[in-house]
Amino acid sequence: MKIGMFTANFLDRDLESVFKIMAEKGYEAAELPAFYGNSHLDIEEVLKGNNAKKIRNLAKEYDITISALSNHPEGQLVLGPHTKDTDSLFKGAPEEKIKFGMDRMKLTARAAAALEVPVVCGFIGCEKFSRWFPWPYPQGWDEMEEDFVTRWGEILDVFEEEGVRFAHEPHPNEFVYNIETAVQSVALMGERKEWGFNFDPANIILQGIDPVIFIQELGDRIYHCHAKDGEIVEHNVRRSGLQPTGKWDRIDRGFRFRIPGWGSVPWKRVLTEFMLVGYDYVLSYEHEDVVMSREDGLEKTISFLKPLIIKGKYIGRGDKLFE
Amino acid sequence: MKIGMFTANFLDRDLESVFKIMAEKGYEAAELPAFYGNSHLDIEEVLKGNNAKKIRNLAKEYDITISALSNHPEGQLVLGPHTKDTDSLFKGAPEEKIKFGMDRMKLTARAAAALEVPVVCGFIGCEKFSRWFPWPYPQGWDEMEEDFVTRWGEILDVFEEEGVRFAHEPHPNEFVYNIETAVQSVALMGERKEWGFNFDPANIILQGIDPVIFIQELGDRIYHCHAKDGEIVEHNVRRSGLQPTGKWDRIDRGFRFRIPGWGSVPWKRVLTEFMLVGYDYVLSYEHEDVVMSREDGLEKTISFLKPLIIKGKYIGRGDKLFE
Amino acid sequence: MKIGMFTANFLDRDLESVFKIMAEKGYEAAELPAFYGNSHLDIEEVLKGNNAKKIRNLAKEYDITISALSNHPEGQLVLGPHTKDTDSLFKGAPEEKIKFGMDRMKLTARAAAALEVPVVCGFIGCEKFSRWFPWPYPQGWDEMEEDFVTRWGEILDVFEEEGVRFAHEPHPNEFVYNIETAVQSVALMGERKEWGFNFDPANIILQGIDPVIFIQELGDRIYHCHAKDGEIVEHNVRRSGLQPTGKWDRIDRGFRFRIPGWGSVPWKRVLTEFMLVGYDYVLSYEHEDVVMSREDGLEKTISFLKPLIIKGKYIGRGDKLFE
Amino acid sequence: MKIGMFTANFLDRDLESVFKIMAEKGYEAAELPAFYGNSHLDIEEVLKGNNAKKIRNLAKEYDITISALSNHPEGQLVLGPHTKDTDSLFKGAPEEKIKFGMDRMKLTARAAAALEVPVVCGFIGCEKFSRWFPWPYPQGWDEMEEDFVTRWGEILDVFEEEGVRFAHEPHPNEFVYNIETAVQSVALMGERKEWGFNFDPANIILQGIDPVIFIQELGDRIYHCHAKDGEIVEHNVRRSGLQPTGKWDRIDRGFRFRIPGWGSVPWKRVLTEFMLVGYDYVLSYEHEDVVMSREDGLEKTISFLKPLIIKGKYIGRGDKLFE
Amino acid sequence: MKIGMFTANFLDRDLESVFKIMAEKGYEAAELPAFYGNSHLDIEEVLKGNNAKKIRNLAKEYDITISALSNHPEGQLVLGPHTKDTDSLFKGAPEEKIKFGMDRMKLTARAAAALEVPVVCGFIGCEKFSRWFPWPYPQGWDEMEEDFVTRWGEILDVFEEEGVRFAHEPHPNEFVYNIETAVQSVALMGERKEWGFNFDPANIILQGIDPVIFIQELGDRIYHCHAKDGEIVEHNVRRSGLQPTGKWDRIDRGFRFRIPGWGSVPWKRVLTEFMLVGYDYVLSYEHEDVVMSREDGLEKTISFLKPLIIKGKYIGRGDKLFE
Amino acid sequence: MKIGMFTANFLDRDLESVFKIMAEKGYEAAELPAFYGNSHLDIEEVLKGNNAKKIRNLAKEYDITISALSNHPEGQLVLGPHTKDTDSLFKGAPEEKIKFGMDRMKLTARAAAALEVPVVCGFIGCEKFSRWFPWPYPQGWDEMEEDFVTRWGEILDVFEEEGVRFAHEPHPNEFVYNIETAVQSVALMGERKEWGFNFDPANIILQGIDPVIFIQELGDRIYHCHAKDGEIVEHNVRRSGLQPTGKWDRIDRGFRFRIPGWGSVPWKRVLTEFMLVGYDYVLSYEHEDVVMSREDGLEKTISFLKPLIIKGKYIGRGDKLFE
């Protein structure tokens, strides 16, 4: 298992200097952003053929594997919402947003292939997430299945062509956001292998769900993993709850994202279950901890996770005392 | 404290037979539905002057106080959503939905006055409830404040005129859904007394919030209370979570509504806190328990709650041993 | 759902006086012992044709349904243990014990048919229960499958002939003792309908298992239910554990059986799950509470359980507010 | 086991009217106050010989047993504090307070004998309770042992003479306040049988102690029991703690006394343990619940406790199935 | 945030050798004792002008900041108790104790100024701590407010003059011992900035209080912090409780002090809240762990705390994915 | 306290290479297997006089203390079971198994003496462990006492002769398996000092017992300790329970053994209690963790435990602030 980082943590620095600091701290893998206009990776340039080799070489120079490309914002556009909520991602009419999102996700798949990166992480979007609650439109959630299957099916065809897998990150405001919808999505996609998950345990515990059960049920569909934690803030949660509005850094929030080891995710249980289901790819650190700086997170995350990595599966000890 | 019932539990029976069965079982108060087309109360008829006296007399005959009129569906239309999600409540363009909702809520206030009922319960609606989560539009929640203040301010002016109070029920898919937004809403409404809450503890615990803290902080704004419970389903919640989609009666849900005493609401603590803040009006039974019939709920609810009613506040015992 | 009693609670009184006291206290069903030499029911007499009608009439006189015959001791003999541990049940060589047990269980099935009783409860036995733990013979548990299938398969053939079902009670010292072995046993028996369970939640919680999950997974195989509770004794369990030896009434035990409501079984959750899976037959009170007398248990059990019985399933309330 | 009441709950009513209301509600025992100037019982009058018979007859008339005399304030004077903290109990120099306290406790013993009441409840006092914490005077607690032994030894000699037992109530501000000091006190008193306890579980849980362990260790020294509950106020305790200062009725206290069933005392476990150790005397209701009126407490206490009384110990069921 | 040590852990060694071992282990700050007769710092000598520079230089030589002077024993004398309980601190009549205590605390402020140390830590004392419980003198606690304001107001005037702050350590046997009394004390002192707290989380959890709430409410008043832990001893607390008497090292205590990481203080939550309120001064290790040696504590404390220090506050990551 | 290893973890490597890797990783003690045919130690050879010195020298060369010989399989044969369950340990009639077991355990004692090893660890066996549960043979457990006393008494006589102690490891399928039977066994053995325990906390928690209480009650009888952890698998245990059958590595087990730090054993509390009772010998790592390889366990165990070792007991700090 490699410990990696989503380089979007430092979009205000150039990619080489990010690789440099990662290598210094011991990170072995990088998840690169693919969305339009980011300062680390321009997928259109990659596809023009100029850039892929250069980036692969840069990574090699720092002994860094590119574990995935990530494109959350443009994936979000595929299913929405198509209101002003996504104008910062792409401004346009709903159909334009959908088209842009779909095109960009296909491009991302092709860029991943060009870079020899086997996985693309991202969001799939959700027209109206509020429909998880049955009132006032109980049939609403199910009705969104159709768009999911049609639009993402078309995108996944390109992934299939390119030999790349898509790893959706279950999260609030996504059509697939918890264990039950993830299980359902695998069925809706006809079990096709291009469809899987970027498992981020912080997004799961904020719903009162045990992330280990996600791994137990969907382990063979986990294609990538975020090393991110979430704190159910003990002294606040009974007043603020798990679904508070408002800024991430207000002191009285009932829930906030944290770096690994500073939240409520049971990491040893997570890593144990990964071992049991055979997931052995990458833990990619994403910084959304509003309590501490990214520099601090960079150090603390690897020094917390490194000693927890299980290196090999038990293969017996060769005596009659314990079999 | 009276134990009452929301008569909408039995919209398939006529109002008198509902009053009859309530009286038999010991219920002393009724919350009547006010939305368009319901079979118990036509507020337009009331306002034509024909009906108010008849209904008051009917209630008196069965020794039943009308604790509130309730109009959740038409209140929902005021802030939305204005998509097809609310077409079953009223079909029309967004502006039409808003206008219909606002007009009906004003009418409801006037009908309450005509019936000498001091409280109207209801929902206020929410254009995009999914915005409680900051991604992808962090400023979204706050932007909805304006419509809340404008539209409901106008409606509350009518309530003020009529000497009636509005009790919003914090709930998923409402702009005011938890303690923090309720506190905020009181400030947004300039502390005006027409604005308060129909406290339904089941809606609160589904967010991981302690309902007693709601009472402690907002006790003087609680104008009505639903006797409804919510079960955090112990053997399901770690897989299904607190925010599952899907039908209320599926066996593996992580949360479901229940009758009082069969869920996770700490009723003795709730009733203790009510005593301490001085709430002494009504506990109005609403049936959304998909495990048992309404007839069963009618009996079990009152036999559970009746012995828990605190009849009088402590006023000393007149000796030096305990002061 | 009927509340019944296992009449073996009072084998020192004659059957009629037991029926009498049951009827006085409100019990509506009786589970009768079938083992050799008990004072309530002699199954050989029944099969001679003399007795069945008389017993049915006696029950009818007191408005009591016979919910099941129960034969734990002779069922135990079928799989063992065949050491002195079962000499008090029947003294003999192992083969003799097996033969006696199998013959008696077949007889019990025939007697049930003669009495028009649809269910026989009992134990199936277990040659070496200590094998649940893999040391020192890890393959041991699985090796016991064969005898289970052969011997009980032969017995169940008679049940099939007679149109009676067998309800095994999962319990320590039985080959089927928890959820996992129960699930396995249904497969081993080829899903045949004669094979099901007498669900006793106290036996389940002593293993650290949530009894509601048993119902969720095996609900359609629950043919009978014991109203018995088990207390995980909070102030003792951290020292004494869940598997203490020794007398049931010593004060420092970590676990003891209790009457319903005085132990750790979550009865409302149990009854809720029964409703959801459709179990609606009987809760049969068995007294193994060493803290209080049987007379006391007889009263307290029904006064605890009666108000918890759910009378009817929710079938909608006929309005658009809650569907 | 009888359910009784400490009549000091109603010192503003005369004794007969208190007996009357007790009898109406089903109470069978009374604990009478013995301190100077109380309106129910003047022990000096009793000892003059005029009054004992009259009071016994009055009690008999209402079918009420006098379970104990109680004298907390004058017992407190024996060990102190002898500062102004006890001036409301008796004003004087320390030696005068001690003398008054000792004399009155001896009188109370004699009055109990005269009334044929076997137990006197009370406090023993404590010069400096703050010494439970070792700073700044670690040897301080142990130094108080001597006065305890000397003064109470002398008092207990009178109890012995009169054939009456003293039941101290462990409580904050008493030299014996928890399990450990209670165990120690029995040794200090040389195991003499006049020395025992009035067990009030509410006083115990406020220290984070499981009251059932008190019963398990000191069961044969429990001579009387208060039916009083204590609420560890879930939503306040993490801020206010278990040792808050200030008025009992402030809304944000971390701990408050309650009537049985409305606090954190595990009554079924308490009653189970009473059965196992053989305590079968009285549960005497004392009202210190600042949330509800005494009238309400009078009703709720007996309706909560009555169904929990265990009437008889298990004495077998006479079969081989369960021994 | 610096990790420091209260040098009183090693009063049996001279100050230089203590600085030496601190520097070797990585400690960067020292809290020096100021009470009369201690072997590390004689404040009278400092004020004679001879010593301040020497001590500052000594500290500088080992790269150690003097975070605070500490004077608990003489602060205790100001409010008491003035009985023999404080004779080991200073022997004399109450007024003499008060005068000595007040004079010494003023001197301590002046010495701190001379040493350029911005904070003095200490206790304020409490005449009768037992009054936290309302019986037998409910008004007692409030009556102690006056002496607090008068005596400590006079002392704080000197602190103001000298530009030094006083940091009281909430603790049993102090007038200010929990969150509620701390909040009250700030008001009683008229919000003057000289009055604040030396936060020792171990003293807080022994009352069942969450120390993080102390920080949340009083963060801007925390002027110093003790790195001390407290163990709510899981296997003892249900018998021994949180307020046991007796020696710190007896094996069956329900509570004992520990070094950081070996008790029940949630350090990550504490450090997170410190970051959110802006406390970034010092964590000063005080050894009161009776299980292990001071040498061991010295090593274990810093190796536990060092990796937990949060170095910088989050200041954004500069992209649209997370704001 | 030394950290050691049971070399049977690597019976597929020769002893010297095991010592070598232990020394490299920092292990200071070895527990050697003594059972027949193991590849590390042939006790018959030792007793022939050839081998003891060589092995002692080999250990010395790697700076390794031999903390104990361990012989679980042959100890098991002494009390059984004597069915095929132990055929892999020794094939023969029951009496042959017993004789072989007893002879080998005596030999082990003699070999330990020859090797100057003060402790032999092992199992004692149990004829029918299923008898911990009273049904169907309540007197069964007690009847096994006799064989325990006779057979093991005879073996312990040899231990006494040789000046070696026997440390039985409480565990399922042993006659002594929990706190209560361990306490009982000490009495049955007449308090003789040869009889004590190899404390393995993982075996204790699987019974719902707090291992710290074992240390508190039996600390002076703990002669050796296994560094092994046990995971009560949170997401499985409510379905699978603490007593599941089946392979150790199936993913849905409710309990499994783990290396220290990856299970549910509270190691800091364990090490604290060891300090308080004076146990300071060895923590011997035994690998039964089916999630990770032995190589990984070897590293992770010592890096987890090493920093937790308490080096010295508190012996005061020499000032009046804390005594």
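Order as written gives the chain letters A, B, C, D, E and F; numbering starts at 1 within each chain.
Here is the rule we go by: a residue touches a chain if its C-beta (ideal position, glycine included) is under 8 Å from a C-beta of that chain, and two chains touch if they have at least 3 such contacts.
This is a predicted model, so every value here is computed, not measured.
Taking each chain's centre as the mean of its CA atoms, which one is most distant from subunit C?
Of all the other chains, the one whose centre lies farthest from subunit C is E.
Going by the touch criterion at the top, tell me which pair is linked by more C-beta contacts: C-D or A-B.
Result of the comparison of C-D and A-B: A-B.
Validating interface symmetry: for the copies subunit D and subunit E, is the fraction of residue numbers used by both over half? Same or different.
same
Cα centroid separation between subunit B and subunit D, in whole Å?
45
Counting in whole Å, what is the centre-to-centre distance of subunit B and subunit E, each centre being its mean C-alpha position?
50
Distance from the CA centroid of subunit C to that of subunit E, rounded to the nearest Å?
The mean C-alpha positions of subunit C and subunit E differ by 62 Å.
What are the residue numbers in subunit F that touch two or more other chains?
Residue numbers touching two or more other chains: 73, 88-89, 134-135, 138, 210, 213, 235, 238, 322.
Provide the residue numbers of subunit D that touch subunit B in the complex, in ascending order.
8-12, 33, 38, 72-73, 88-89, 231, 234-235, 249, 251-252, 261-262, 287-296, 300, 303
Name, in rising order, each residue of subunit F that touches subunit C in their complex.
73, 76, 81, 83-86, 88-89, 126, 128-138, 140-141, 171-173, 177-181, 204, 207-210, 213, 217, 232, 237-248, 254
Going by the contact rule set out above, which residues of subunit D touch subunit C in the complex?
210, 212-213, 216, 266, 268-269, 272-273, 275-277, 307, 310-315, 317-322
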